[in-house]
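Think of it as A, B, C, D, E and F in the order they're written, each chain with its own count starting at 1.
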Amino acid sequence: MKARIFFLISILVVGGLLWSGLQAVHPFGLPNGTPMDDYFIANAQGEAAANNVVTSIVFDYRGFDTLGEGAVLFTAVISVAALFRKRGHN
Amino acid sequence: MNPLSVVARTVCNLFAWFLAIFGIYVIVHGHLTPGGGFQGGAVVATFMAFLLVAHGGEKMQSWVRKDRFTLMECFGLTLFISAGLLGMSKTFFFNFLAKAGGVFGGVLPIGPNAGALNTSGTIALMNLSVGIEVVGGLSMILLYMFSAAHPQEPMGREESGHDR
Amino acid sequence: MIGNFPYLVVGILFVMGFIGLVFERNLVKIAIAMSVIEAATNLFIITLGYRTGGSIPVWTMAGGGSSRMVLPTPQALTLTAIVIGLATTALMLSFIMMIYRHYGSLDVRDIRRLRG
Amino acid sequence: MNWLDHLPALMLAVPLFGAFIAPLTAWGGKGLRNAWFLLVSVVFSVLAILLWSRVGAAGPLIYVMGGQGWNIALPSGISIPVRILMEIDAFSAFMVLLGAVASLAGAVFSVAYMDRFSGMEKFVALYFLMVTGMFGMEVTGDFFNFFVFLEISSVASFGLVAFWRDRGEALEAAFKYMLVSSLGAMMVLLAVAFLYSRYNVVNMATLGKVIEWGMVEKTALVLFLTALAMKCGSVPMHMWMPDAYAEAPAGVTCALIAVSQASLYGLFRVCFTIYGAFMGSPVIPWVIIILGILSMFIGVSMAVIQKEVGRLIAYHSVSQVGYMLLGFGVGLLALGDARAMADYGFTALKGGVFHIVNYTMYKGLLFLAAGALFYATGSRNLNEMGGLARRMPKTMVLFMIAAAAIAGLPPFNGFVSKLLIYESSFAVHPILAVFAMVTSVLTLASFVKIFQTAFLGPELKKFAGVKEVPGAMLVGMTVLAVAIIGLSLFPTWSLNNLVEPAAKALMDQTSYIGAVFAAAATGGGL
Amino acid sequence: MWTKVLTGFGYWDVYSWLAFFVIAGGMVFFIRSLGRKDYRQGTEQDEIFYGSNPVPEDGEDLKVPASSAYWGYTQALKPFYEGLVGLHTGLATDYAGWYILVTAFVALLILV
Amino acid sequence: MIEILHLSILATILISGFLALWFRNLLSSVISLSVLSLFVSLEFFYMQAPDVAIAEAGIGAGLSTAIYIVALRAVGKKQFRKEGEH
């Protein structure tokens, strides 16, 4: 019971940490210098020939992340299948 | 889970096909309009969820086998990683099809335009493969969880480790 | 007028999720708290990418001349995070189903054969 | 173009490809699946050795995923990579090598150990995915990519921990592991988002170059530090670790150890490379040192009173992680001060790095030996065991090697790294060395306990039919035993060739960052 | 605090350790050779002495279980161990709670 | 005007997130979570991220809810210990 009070206090402290971090982030709607994103917006059509900038990032500029993401989904599917697999030995 | 009434089943059937068509549209137009492999795949998997709800798990399992979905998923991912590996002449994940002519190799004008379906190189290919993978994977999760919700066999400890 | 209100929403969602995670006793509720935390993270990343008055980062829909788009990278990152969140949720719920079969309970106080 | 230039990508592509094909081997029968399992494991081990030797010869490698136009030069003179970079310096290559050896041993062991179970093609796929996640965390130079690989390795390890789903305990352990682990992964993602919002960059090297010490960075550091410390199991966030390690199949645990070392790698990459310039203040180093001391002491105290083999050894993992945290914390304390670094900091780093290799080898061997005991007797409880020395002499010898190494008995390698850590931590404060030595004594005590109750004592009637375990399992254990003996007999070689480059790479913040900018300037980067 | 501490002969010398083991082994064999010469295996000389009671057939009745090991140690440190085992409640939510607790602790240290 | 809409979306997110954790009935909780996802998706749409909005609507509000409901069916009705016993 006593531990739970500490947990509550620490949750509030972590909330305070996040809140102070969020205050230090740029104000809503006004990002400061955005060189990387401006590059993507300017060059998605020229380099990847895709009109959808997000898709060009997902599959070209950061395509490897997407492969990892597919692998996570695959992992979860295989885990669920292994969990509910039919019983019986080899 | 039991099948629903006839009316609900018909509505679900009809609506499910619309979902499937919409999902395929989203996958194919991934590089032009908002959407792509993941979103479209999720929509097509919702089609599977509709059919499952409408017709019940047992009937569904008699129509499709889980092996098919495993095959689909593995095929999609293998296609994806192969599309990455084929760019190996330069580096992994090099977009070797873009602006090279052929099926996917159209060139886009810069600036706001309507775009064309035959552009974007490997992006379209990867959209397709991810779509296949996501449909297979999510349908498999749904089917497995459906069939596990009402287990036919009781839980024992027959396979538990190497206990003698 | 809107100020930093979206950030406040994100912070409150996080704290609510933490409280749910630590003080709930039902496994499904714990999974729900985890989902709330995931939603808060996704919301935060998208919020970072918003530019006031920006347009959709899709050239097909950009209309005429408006080249001031919202940042596309956070959207790509969030797309990945959403799918990962679905994968974790599905696996966690499968674990809960199997645990229920073995332990006959969803109360976290009953799921403690491993301790000490 | 030489195919060896593609090593960083192949390092990840090969196990991923193996995982994607693995479920299809179910149609080819048992032989095909085992062959695939062993083939892919051997291939990625060979690739890891090649990668390590290449990094040792040519310095940090940069590999860009996706080719042309990968960086933009800002007016301020800093270039920002827009694509995903793989960056491998000596420390990364060292960790990859270790992970490959441990996973190879686990794979060879699992072929025989898991032979009786259904769903093995799924096991193989999950095993490869876990290994991919581990390699990816160590190889990548991009924070979001790090998060993705963290998730791959975690999700795969949840599935593997729960693989014996007919045991309620395995599911319970997997669920608990999953709960804290996904919370930690979310916090890592949040920290990445914070850093992105400030600098519009997710590349590690660029972040290390441009970072300043503000509120956002402090928040991100806190989130990274605790999440990664939790993933490598430091007290008091260690409680998932004995559960998961003891309930997972033994071959998996052997690789799981290397996976948790990848989290340790991430922790020190963040502390040394990204935030290295701000470690002049002693707060963060002391936090790490205190976490290390707590882990060492509480872990080993809990281990002494356990009565299950797996849990006992798993609690030792907690205490051994404490040694590494202590060593690296002392090194971090000396990071800003050149004289202190030369006096004791570099020794501490060498001790920490050497302890990583030792720990991975002997702890993997211990878990494999515990798995062999379980395979032969069907019991995990030490109270039920006894007199197995005559029945399983080879397992006993292998277990003895590992136990002597972990306890730091002089002819073995555990002693060397522990000695390095004692000396350097004594220079900081004597009480740290005292704690470390007490931990070492208790470690020896608990391994004497296992050895005495499991192997010595009168022969039991119920174990009259127990035989030595199959050959594949012995081969898997022998791989690690040979590594231990090699490290023990040639400590100077391993310190000079294996450990010192890694420790130097860790200490030298500018080489990791500079490699990216040099590649950007020359337009190279493959 | 900044003093250099070294053990004198560096960190390790495997050959001196090997020499030590050879010498130690020699001494062990020497002491062993001083023992009785009329010892024979398999005779009544190596039978178990069980307090002059009949020796049980199964080893189960002879052996000391693992939980009895270090009984005195755990008994002496009982308060410590009660607290320590009490911390490991096994509740899944507590695991997350400890994680958040440590985060809060580190946050306080860094921010304040 | 549009800001009031934005504010009300954010307020609904908060309320539905709170309700998802507050309800004792698991089904109501899951539905609240679905509403949370739906409004997060609306918020994404407001923030000019239609890609993510489609994904969140399809995955968060659709499939995730379906999986939760399947899991709830599997774990049956008796979900709680008696209250007050701790």
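By definition in this document, a residue touches a chain if its C-beta (ideal position, glycine included) is under 8 Å from a C-beta of that chain, and two chains touch if they have at least 3 such contacts.
Computed from a predicted model, the values in this text were never measured in an experiment.
A.B. asks: Strictly by the touch rule at the top, which chains does chain C share as contacts with chain E?
C.D. replies: Shared contacts of chain C and chain E: A, D.
A.B. asks: Which chains does chain A share as contact partners with chain F?
C.D. replies: Touching chain A as well as chain F, we find B, C.
A.B. asks: Could you name the chain whose Cα mean is nearest to the mean of all protein Cα atoms here?
C.D. replies: Nearest to the common C-alpha centre lies chain D.
A.B. asks: From chain A, which chain is the farthest off, judged by mean CA positions?
C.D. replies: E
A.B. asks: If you tally contacting C-beta pairs, which pair wins, B-F or A-C?
C.D. replies: A-C
A.B. asks: With chain centres taken as the means of their Cα atoms, state the distance from chain D to chain E in Å.
C.D. replies: 25
A.B. asks: Averaged over CA atoms, how far is the centre of chain B from the centre of chain D? Could you give it in whole Å?
C.D. replies: The mean C-alpha positions of chain B and chain D differ by 34 Å.
A.B. asks: Could you give the separation in Å between the centres of chain A and chain E, each centre being the mean of its C-alpha atoms?
C.D. replies: A distance of 45 Å separates the two centres.
A.B. asks: List, in ascending order, every residue of chain B touching at least 2 other chains.
C.D. replies: Those would be 32-34, 36, 38, 70, 73, 77, 81, 84, 92-93, 95, 111, 113, 115, 134, 138, 141, 144-145, 148-149, 155, 158-159.
A.B. asks: Among all residues of chain A, which ones touch two or more of the remaining chains?
C.D. replies: 4, 7, 11, 14, 17-18, 20, 23, 25, 31, 34, 36-37, 40, 45, 47, 51-52, 54-55, 58, 60, 62-69, 71-77, 79-81, 83-84, 87-89
A.B. asks: Two or more other chains touching the same residue: where does that happen in chain E?
C.D. replies: 85, 88, 90, 92-94, 96-97, 100-101, 103, 107, 111
A.B. asks: I'd like to see which chains touch which, written out pair by pair.
C.D. replies: Final set of chain pairs in contact is A-B, A-C, A-D, A-E, A-F, B-C, B-D, B-F, C-D, C-E, C-F, D-E.
A.B. asks: Can you list the chain A residues touching chain F in their complex?
C.D. replies: 1, 52, 54-55
A.B. asks: Mind pulling up the chain C residues that touch chain E in the complex?
C.D. replies: 18, 21-25, 27, 30, 108-109, 111-116
A.B. asks: Which residues of chain E touch chain D in their complex?
C.D. replies: Residues 1-7, 11-12, 14, 17-18, 21, 48, 57-60, 62-67, 69-70, 73-74, 80-81, 84-85, 87-88, 90, 92-96, 98-99, 101-103, 106-107, 109-111 of chain E touch chain D in their complex.
A.B. asks: Residues of chain D touching chain A in their complex?
C.D. replies: So the residues of chain D touching chain A come out as 16, 19-20, 23, 30, 65-66, 68-69, 72, 74, 80, 82-84, 115-120, 122-123, 125-126, 129, 132, 136, 144-145, 148-149, 151-152, 155-156, 158-159, 162-163, 165-166, 190, 194, 197-198, 200-201, 214-216, 218-220, 222.
A.B. asks: Which residues, counting only chain D, touch chain C once they are in their complex?
C.D. replies: Residue list for chain D touching chain C: 144, 148, 151, 155, 158-159, 162, 165, 168-169, 171-176, 178-179, 182-183, 186, 189-190, 193, 196-197, 202, 242-243, 246-247.
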